[in-house]
Amino acid sequence: MRGLDLDYMLGLVPVILGYVPLTLGMAAAGMVLALILASLLAVERVFRLPWLDWAVVLFISFFRGTPLLVQLFLFYYGLPQVLSVLTSIDGVTAAIMGLTLHFSAYMAETIRAAILGVDRSQWEAAQSIGMTQLQMMRRIILPQAARVAAPTLVNYFIDMIKGTSLAFTLGVTEMMGAAQKEAAGSFLYFEAFLVVALIYWAMVELLSQGQKRLETYLNKAYAR
Amino acid sequence: MRGLDLDYMLGLVPVILGYVPLTLGMAAAGMVLALILASLLAVERVFRLPWLDWAVVLFISFFRGTPLLVQLFLFYYGLPQVLSVLTSIDGVTAAIMGLTLHFSAYMAETIRAAILGVDRSQWEAAQSIGMTQLQMMRRIILPQAARVAAPTLVNYFIDMIKGTSLAFTLGVTEMMGAAQKEAAGSFLYFEAFLVVALIYWAMVELLSQGQKRLETYLNKAYAR
Amino acid sequence: MAEIRLEGIVKEYGALRAIHGVDLQVDDGEFVAFVGPSGCGKSTMLRMIAGLEEISGGRLSIGGRVVNEVEPKGRDVAMVFQDYALYPHMTIRENIGFGLKMRGGKPAEIARRVEEAARILQIGDFLDRKPGQLSGGQRQRVAMGRAIVREPSVFLFDEPLSNLDAKLRVEMRTEIKRLHAMLGTTMIYVTHDQTEAMTLADKVVVLKSGRIVQEGPPMELYNRPNSRFVGEFIGSPQMNILSGILDRSTGTPRLQVGNGALDLGEVPAQDGTRLDVGIRPEHLIWAEGAAPRLSPVVEVYEPLGSDTLAICRFGGHEMTARLAPDIALRRDTAIPLSYDTRDLHYFDGESGARLMAA
Amino acid sequence: MAEIRLEGIVKEYGALRAIHGVDLQVDDGEFVAFVGPSGCGKSTMLRMIAGLEEISGGRLSIGGRVVNEVEPKGRDVAMVFQDYALYPHMTIRENIGFGLKMRGGKPAEIARRVEEAARILQIGDFLDRKPGQLSGGQRQRVAMGRAIVREPSVFLFDEPLSNLDAKLRVEMRTEIKRLHAMLGTTMIYVTHDQTEAMTLADKVVVLKSGRIVQEGPPMELYNRPNSRFVGEFIGSPQMNILSGILDRSTGTPRLQVGNGALDLGEVPAQDGTRLDVGIRPEHLIWAEGAAPRLSPVVEVYEPLGSDTLAICRFGGHEMTARLAPDIALRRDTAIPLSYDTRDLHYFDGESGARLMAA
């Protein structure tokens, strides 16, 4: 039909790159919050506190069991209708909230598996030298679990970066939104979305390389 | 602000359920195509054919490295601009195409890891009784790899079902699209999206249960 | 003072009884080995003493104090685990000193005691490495160092050598024996390997299905097993067992086995009794020239260098003789063997219990 | 006819040479064991014979035919793998028959041969189970069945028993020996365990760093090791080595070791030579009453039942004596030992080579 307009693409790159900080900012905020929430959920799942466990199980199941898009729509368009505090929620906040809840459910399972993966004799050795449950968790179990979980958690961070593209559907002008707006003027949709794709690809590739190095490093430092 | 309109929700359930076949149909079609494509990619990655390997690596990296949403927009809004055969592509086809390519990249890595996970001595034992590469693959390696990969592949199927929700952004009236339209009339967005979420949840829960049983069964039948 | 007393110790998992009321006395400074096939309850017993497993019934006292309800840390015991249980994220120094640090020891005092433990176990060179950089044998030493540094009154070992290869196992066995000689601390050692139990312990406790079958010094168990089970379990190669019928018709007692007969010594049993007669491989003596008591056929023979094992067939039984390495053997050939009837063990053919003179 | 000849066999991985030109003859029907510490190249050699590893140089012939370039299936060999390599998705019957099926065997003929192999190995009861349902020993039998059924002219075993526990290992060892007696097929067996090599093989080949150090019948290696390495590697407990200086000043040759001296026999070496003298634990004899040749101090002792090992210290060396079980030993006490000088082994103090009479 027509050739690629490379000049247009080249010109678009700095425009889209200008939105990278927003994308990374949303992902980073979501990651930090999700890590905290996931750790709490995971520790609960390990100790299985009565009266709390079923709620945690339900929470994890719901956020793993429904699409992120549906969750975002529910928070941004739906929830303000029934919760007055959320009436003036903006798209970015809703996106971060949605990413946090969605990924914390996944990450909780990863952290839980890593905690339970620590050998039983490690618990017992700690117990026999007289540590409290909390000391054990903090000094013995979590440092080991963190190393096991780290590569998977980095993977979730990568997924989260990709997940920020859904903020676009909440009307946030992030990379996709900006590309859409640009293309609406030029009508060069293919070029615009391709630029977005390539920038995402570059970000993810960089992080994947870092993750691979982390994995190699942890495997080496942590050989048993 | 206001209470939940349960009557409305109950009335909405059969409406949304009517779109479940479309969702499952898209996911199933995508899954079948992705399985075929992923197996081919995985086998290539194991044998590393010269002149093809770099292309497969690039393909997998691109489709894992960019958001599904961006891929769908690229195929539906962008690609028809430069490829005339795609001019009249409809949303459902574009969604299936996008899901196939996206998930085949992930599944290829799973299948490849499962193949390489089969003990080297299994290859050698097969080799020493004089099987050809193809016989080995078909009779010894793939049956074992399939069992290892199956639970993860079912997980990807679940992810694919959730991924179909993005077809909504291509203008396809699937579950989300239907809910959106309904809610546009009643203005009960929260209720509408909640119904969609609950139906997704139910579908995913059912499949997860099945997956867990499959995993237990395979672990038992396959103990070493 | 760290003698240990078990009185009627019971362990139940729901309706399942794993330990059936065990009584045992471990003296101060004694080295006791629990040995038995897998599932006999030896590890469960150790874990109850360590406080890692609750006691369902009976009384456990350490150093005169009943400790059934005492937390592990309050029992003044240190346990060495089969998989070492080292903390992979800490250096060896930190691993060894960690218990003291958690108890609020002074840094200078901790450092001194870590150095001392490292000296005893010859691991001073690795103190700043991580466990992942050590070999299996070195890790096992560190695990022992972590126990030693706490200066407990009892050491508990849970199959500590079973992850090591054969050669290292023999070396570490000697190390542990030296350690006991040096420290003089009470030690309880769990193993499934009878050689380890025999070579290490002052007292060997043989367990089976949650009960003590026999306890005593190694050589007592070896020379006077109280049952066919202990006879076969202790000693390598295994004791030969010949099952047959006691025949007193010719005056001297004989065992009818297959279509042959074996001379016996004084058996405290009646004519016609079903009998299992045991004889250890080294008690079957080459009887060239002399009149052999039996002439089994060699099936295979295995030269070990210092001895040769002849695996033979006699009266439908397989039996092993330990012979001098310079005897020339041939497959499918009968060999002349004899024995001293005082080296025979007599077990009841039904219960397997040793037959004792009235 | 399935003799195997290796002539100048070399294996290189890039610039690294793993096997340095090995020559070896394996006769038809012979049972040969390759033994050595890890990294000595024993597995590489076996894999080259199997065709699983390319040969970098030299000539390999099986049954008189050069097979350097022949595919594994064309060599008429069957290999038994350390981890069994059973196909987990097939029943035992299918596992055993699979190779025949792939070669286009007739179903009736396959069934007959599977049944025959199952009978020999006593696995007839498991034929319809999956490998996952079998114990380690049973799986090992199936792996052997898979090899037997093909009726190859050579069996290759790659550490087949190393995943089994000690007791089962001894049992299966005897089984393999019986199998060889029954089939009479040429077998090559790789192991790191010198006991397995000694007990199984007609000829033991000791490897070190990709070279054959010594080859010969088990007892020849045991009685006349050509180097300190072989002397220490073969035999358990290990040969004692005393390093010192040869002293001929008193007329009879003696070894100056620490501040003591040992009587030697006729040593083909000059006064003042650095010497490693080897003596096996069973050649140190209890010398109560008689004048002992040495009086080492017992550090620990280990009763094995049939014998007791005394681990002693003498002239700065650790040495082990194998004594009768009824000798009473005490820690930190000197014991009177003697030996026959004909049981001594003399090795060069520098090269470790056995000193031969000129």
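Each chain gets a letter, A, B, C and D, in the order it is written, and its residues are counted from 1.
Please note the rule applied: a contact is a pair of C-beta atoms (placed from the backbone, for glycine too) under 8 Å apart; a residue touches a chain by one contact, two chains touch by 3 or more.
For clarity, every value in this text was computed on a predicted model and none was experimentally measured.
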item: Touching chain A and also chain B, the following chains; value: none
item: Pair of chains ranked first by number of touching C-beta pairs; value: A-B
item: Centre-of-Cα separation between chain D and chain C, whole angstrom; value: 27
item: Separation of mean Cα positions, chain C and chain A [Å, integer]; value: 54
item: Overall pattern in which the protein chains touch one another (line/ring/star/complete/other); value: ring
item: Chains that touch, pairwise; value: A-B, A-C, B-D, C-D
item: Chain A residues touching chain B - in the complex, by the definition given at the top; value: 1-4, 61-62, 64-71, 73-74, 77-79, 81-84, 87, 162-163, 165-166, 168-169, 176, 183, 188-194, 196-197, 200-201, 204-205, 208
item: Residue numbers on chain D that touch chain C, as the complex places them; value: 166, 170, 173-174, 177-178, 181, 192-193, 195, 198-200, 218-219, 222, 234-237, 280-282, 299-300, 302-306, 309, 311, 322, 325, 331
item: Sites on chain D touched by chain B in the complex; value: 50-52, 71-74, 77-79, 81-83, 85, 87-89, 98-99, 102-103, 130-133, 146, 150
item: Interfacial residue positions of chain B with respect to chain D in the complex; value: 119, 121-122, 124-125, 127-131, 135, 139-140, 143-144, 147, 221-224
